[in-house]
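Pasting the structures here.
Look at the two complexes coming up: chain A is in both, with chain B in one and chain C in the other.
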Partner chain A sequence: MKALDIAFKDLLRAFKTPFVLIMMFGAPLLITGLLYLAFGSLAGGGDLDLQTVRVQVANLDRPGAQSGGFAAGEMLVEFLQSEDLGDMLEVTLADGEGAARKAVEEQQADVAVIIPHDFTAAALASGREATVVQYEDPTLTIGPGIVEDLVSQFIDGFAGAKIAAGVVTQQLAADETVAQEAALAYAAWLESSGHGHGDETTPSVDSRPPAGVGESASEGTGTIGAIMIAMTIFFAFFMGANSAESIIREDEEGTLERLFTTPTSQAIILGGKFLTVVLTLIVQVVVLLLASGLIFGIKWGQPLTVFLVTLGLIVVAAGFGVLLMSFVKNTRQTGPVMGGVLTLTGMLGGLFTSGVPNIPEAFDTVRLVMPQGWAMYGWELALQGSGVGGVLLPVGVMLGLGALLFAVGVILFRKRFA
Partner chain B sequence: MRILNLAGKDLLQIVRDWKSALFLVVMPILFTLFFGFVFAPVQAEDDPRLPVGLVNQDPAGSLAAGLKDVLAASDVVRPVTLDETEKDQIDKQVRRGDLAAVIIVPQDFSRQALAGESPQLTVIADRATTAGQTAHSGIETAASRLMGAVETAHISATERDAREGFSSQIARQAYLEEAVDLAIASWQTPPIRVTAEQATGAATEEEAPSGFAQSSPGMMIQFAIFGLITSAMVLVLERKTGALRRLMTTPTHRATIIGGHVLAMFLVVFFQQALLVAVGQLLFDVDYLQAPLATLAMMVTLSMFAASLGLLIGALATKEEQVITWSLIAMFLFAALGGAWFPLEVAGETFAVIGHVTPTAWAMDGLQNIVVRSQGLGSVLLPAGILLAYAAMFLGIAVWQFRYE
Partner chain C sequence: MKSKAIEIQDLHKDFGDIHAVQGASLDVQAGEIFSLLGPNGAGKSTTISMLACLLEPTSGDAKVMGHSIGHEPMAVKRVIGVVPQEIALYGDLSARENLNFWAKMYGLRGAELARRVDEVLDVIGLVDRQKGRADTYSGGMKRRLNIGIALLHRPQVLILDEPTVGIDPQSRRNILDTVKEFSRQGMTVLYTTHYMEEAQELSDRIAIMDRGRIIASGSHDELVKIVGELDRVELTLNAPAERVTTAWRAIKGVRRITTNNGTLALLADDSNLVLPRLFESANQNDVRITSVDIQEPNLEAVFLHLTGRVLRD
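Let's look at the complex of A and B:
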């Protein structure tokens, strides 16, 4: 009972401190919220929320009299300015190639499309070639990729017609008229088959996301779930250590020594302190899970599985915190030790790379060297909808490791106050 | 002279504290290294294109080979042949980003296509990622070219039918396949094409910027703010211990006291950046020194911004805990919103617009103008000016709110 009194007193004191409240609830929700705002529906497993791409077009195309009014460059400009692409592109006509390039260099535009002077001639005459130059800002990847894709699709129509004419000529030794008919037949096929530039999808391609991506998103376990749990784990480990720090602080302030002079045994006093760590973590993790579920719509998984991984996280974070603080001599050391050790172990445990694609496979193994890695692994399984059986290994490791770290930490503290 | 003495005292206090080395030097280098590797573009060392797996379930047909040739000619993707035994791993490889996408050529695909039917290739790609979306577009282009080659063969065969016809179905089939081969060969160098050129001054169109081009300036900015913990703490401790009050009893002018603290903070951030620039240049191949004056201008103005923010935190905080809390909040907000963690391009439109109001976004712009866009002093004048304006604003508020006890 006395241990509980001590724990509640410490808990009350902690919850009156703005710093503790910010680190317990504010920081993890703030970081996840920022990333949620940044990536919008993508973070929740939806499509990319793309920014409008600013395009400068320099149309240098000069169709000759023999083109019969056909102007390929003008067609490309009209295509890029079409209403269908209005949400995606913001197209401006530039006064020449130099102006278009300068706009990109001065970051007034993301991409410049430079249509060469012989574009129409190359589209019409056999044996002639032309290259459209796309000048792009090197810090960007998505916008230039979209523009290049659209321009490629458009000019592939001309290129395909020329290739059709060339193949017919080559196979049948045909004359110019037959070649032109072949080019027209190809253009008609493009128009009717849905392979042309105006089509949103290519009919010859049937796409699907990789197994695991679509399903998890539909269950509300998109990237945002992984980010939120990573932040929860990081700040749970922080609070585990921060709560255990109260032992050192009270020791420095002399209040612990005064407590030891009372009839309450040292075991009960220290037990109350350790209970504070566990109670703090219970409150923190439960509040964060509920709050993030409500704010970001995250579904954490099956209730019993979530209970087990929550229990594992609390035990391992408490054990790690108590052990870490048992090595610290005074409160001046706690800040950097917590900051340094928890950041490094969190980094290696994969807490700062959750939801990031293309992480080397070996990292999945490396992260399990850290207790944070096991916590992350267990929670990832829970988020994927795994049952109790699926999380037994990570939960077992977290409970075992947590108990071990906790025991060593307690022994070291008791030695210190013996 | 007194201002230098005061700054020297602060610097000595900061340097003697071993925690400074951790926050100012070790952690930013580790984070730069870590995020540089994590956010490195997916590419082979000798081929910057996105890897796309190709599973051929139609080995008797000729079109899978044609598709591979068309993909090989792409500027965006490169084909990686997968055998049937690797089929079970496909989804995992795409999910993990080892492959940007996988194309499955289904059984009987070639026969159906050459017979004028409309078979489909199965493409597995996570289009919610940049790599997946880019690879998917590249695959659609390649598929359209492949089907265009098949249509070319049909057009040619129809013309031949009209002229002399075929002696047998086998002859027709051989003719079609020859036409497809000819068309695919032509698609290797299309007569009308688009080429991408990066606005870097130098022609470096093949090489994508490394992950360090983002992580090095990003972490430099983040830890310029995070490093304020140690210097703002000095100010709070001076106030707490009464040292500031004692200073006021001496003939030292108030402006000198504040100036000494700001100068110390400025020097701490400036030397931290000098070290990180050197590490970025020598270890991570981030070329800050291609425009040394521009880099210096950014370092000076970023240090002034950070120092004035540090003074503001030190002026407002009454306890050490508050210094840590406010420094962390400032770091999280400015670093995330300003694009220090990830390029603002990948964030949503509203986020990017809001982000560009922050001084850190301008700092990122200025530093990336140097290391990615290969631009000179002129390109950093606006970002540096905006950092100076922020520095003046924070300094004004800090001086206004400065308390000596």
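Let's look at the complex of A and C:
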């Protein structure tokens, strides 16, 4: 009970100190927001929730007998309806051009794509042209632009085949079968590549995070999540050390010695101080996760997984802070020690390179030398939607390492006040 | 016959080669105000730290209300209230928040805690400022709060370690009056100071400490009798004291001479007989006596008599 009283007193003091509040909550949220604005959104990153584009497709393509069963119009429809584009496009087949246009005019659809009747023929024959017509709601910009890009890329594939065929044709004296074989080969490749796994067909709609989010960040994580968790880890380690510093501060203020004159054992007094570190981190991390979820819309992952990595982070940050402060003799030393050690270990732990592209893969291993690296690794897995099984290793390491660091720190502190 | 609240028996404390307390022994009767008087570094605070179970004695033992500091430290801590020399409270908390917290550390809870906090706020005169941050208080208010914390659990023995250092005369007066009031209520008070006047005014009995040893103890009158009828004469000169000390030591009736910060103090059998000879000797050495203060026998004279040094070094 007295240990809790000591911890609550320390929390009360902490919450009355503007500096502590800034370092606990303000700085991580502010830095994340600024970094996101500076790099994340400008790089096109983030987790933008685009509205699904409603597309009406009128496939008027009539492949002739000479196409050998190849139907370019049908392939375009399948491409637009592919699973890869399912999150972006809602494709409906229209009965004809008029129906497709009408759907756009009545705002039942955002875009109408009219595939001409000679689309396959144009794809197979050199020198022929066919135009895919796109009607769009003039009030919209992004959705129609995406559809136009996708259709253009699809058509460019055939155009590339025709150019290639055209070169061959010139060399082989205008043999049209070569052009046809080239177009068919491209179509076969398109089929085998699955309409979207090839880089050329879906580069701009790939939902992988763009520059600004590292390789380690998962699909769907986004820039903001990676930056936020790096800041949360850094400032959690800072607050772990800062809370543990209160033991040294109280020693200098004389209140620790005064506590020892009360009928309270040394174990309870130091236990209360260590409980302060844990409670401070619980409050900090939980508030940061909730606040960043609300402010930035970050989805942290599965609840149980998030609970485990949160627990791991709190334990390892508390252990690190207690151990670090057990080496410090007075509060004049704490500033440089905390600043230097936490910045260095944070850097090596990958907290400041989270989201930076082109970091060598070997760094993913190197960072695990630091407890911050394990925390980052665990949280990345959680952000990728990993289940409990996926985070057991980093959580286990964090709990074990945290307990070890904590135990050594406690022994050193007890020796100091024995 | 009063019972013994504190019994100190041959207490020693060494810090490496430094012998901070060397065989201190004394008894403090229940309900009395007992002062430990001595200059800085005499060993007063070390003795108090051992009584408060903050330091373990190198050898010897002490009992507080019958509990050994070596074997029953928790029992000792329950019956004592310690007011440290330096103000030890949480400046970012209010007086009430400070008292609430410290009351819990003394095991108080619920209604009893609230009642005691109210009572102590009243005793230390901080009812009106109870919600203000302690670091916004004046020095005197902080001192009062510092004392109030030690009163929360109604200690049987109150230990005050130089509680008036560095405060204004009005706050000092207030603290001395408060201590007397505690004594009237039956509390045993162990008070350390290097101010002779405080020990003289407050104490039922006094122990004089120097260099880790208790060199004399007893009531004020008993201690003064040590110097008998000697007068203490304090003089200031317009020249270095060394120019006259050798000559003055040879004057009949001069017992001890010591210098401190340009002031010369001596013990004399009869100041009326000695003073003309001092003036004559000063003239012969081209030294002018610029002020003379003749004091009745007091604790300062006792300390000078016993150690050859002045109390305020």
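FYI, the second predicted complex is superposed on the first by the 236 of 418 C-alpha atoms of A that agree within 3 Å, B and C clash if a C-alpha of one lies under 4 Å from a C-alpha of the other, contacts with A are read in each partner's own complex, and residues count from 1 in each chain.
Criterion: contacts are C-beta pairs under 8 Å (C-beta built on N, C-alpha and C of every residue); 3 or more make two chains touch, one makes a residue touch a chain.
Owing to the predicted nature of the structure, the values given are computational and were not obtained by experimental measurement.
> Check the residue A:Thr255 against both partner chains and state whether it touches chain B (first), chain C (second), both, or neither.
second
> Count the residues of chain A touched by chain B and by chain C, then name the partner with the higher count.
B
> Counting only touches as set out at the top, which of chain B and chain C does A:Gln266 meet: first, second, both, neither?
In the superposed model, A:Gln266 contacts neither chain B nor chain C.
> I'd like to know which partner A:Thr92 touches here: chain B for first, chain C for second, both or neither.
Touch status of A:Thr92: no partner.
> Now for A:Thr17: first (chain B), second (chain C), both, or neither, which partner does it touch?
Both partners, chain B and chain C.
> Return first, second, both or neither, reflecting whether A:Lys2 touches chain B, chain C, both chains, or no partner chain.
Touch partner of A:Lys2: chain C, not chain B.
> Identify the partner contact of A:Gln302: answer first if only chain B is touched, second if only chain C is, both if each is, neither if none is.
Neither partner.
> Under the contact rule defined above, give the chain A residues that sit at the interface with chain B and also at the interface with chain C.
17.
> Please name which positions on chain B make contact with chain A in the complex.
These residues of chain B touch chain A: 18-19, 22-23, 26-27, 30-31, 34-35, 38-40, 42, 75-76, 90-92, 94-98, 118-131, 133-134, 136-141, 143-149, 151-153, 155-156, 158-160, 163, 175, 178-179, 182-183, 186-187, 190-200, 204, 208-209, 321-322, 324-325, 328-329, 332-333, 336-337, 342-343, 345-352, 365, 368, 372-373, 375.
> Can you tell me which positions in chain C touch chain A when the two form their complex?
Residues in contact with chain A: 52-54, 74, 77-78, 80, 82, 84, 86-90, 92-93, 97, 101-102, 104-107, 149.
> Which of the residues in chain A come into contact with chain C in the complex?
Per the touch definition, chain A meets chain C at residues 2, 5, 9, 12-13, 16-17, 253-255, 257-265.
> Which residues, counting only chain A, touch chain B once they are in their complex?
17-19, 22-23, 27, 30-31, 34-35, 37-40, 42, 45-52, 101, 104-105, 107, 119, 122-123, 128-146, 148-149, 151-153, 155-156, 158-160, 162-164, 166-168, 170-172, 174, 178, 181-182, 185-186, 189-190, 193, 195, 201-213, 217, 335-336, 339-340, 343-344, 347, 352-353, 356-359, 361
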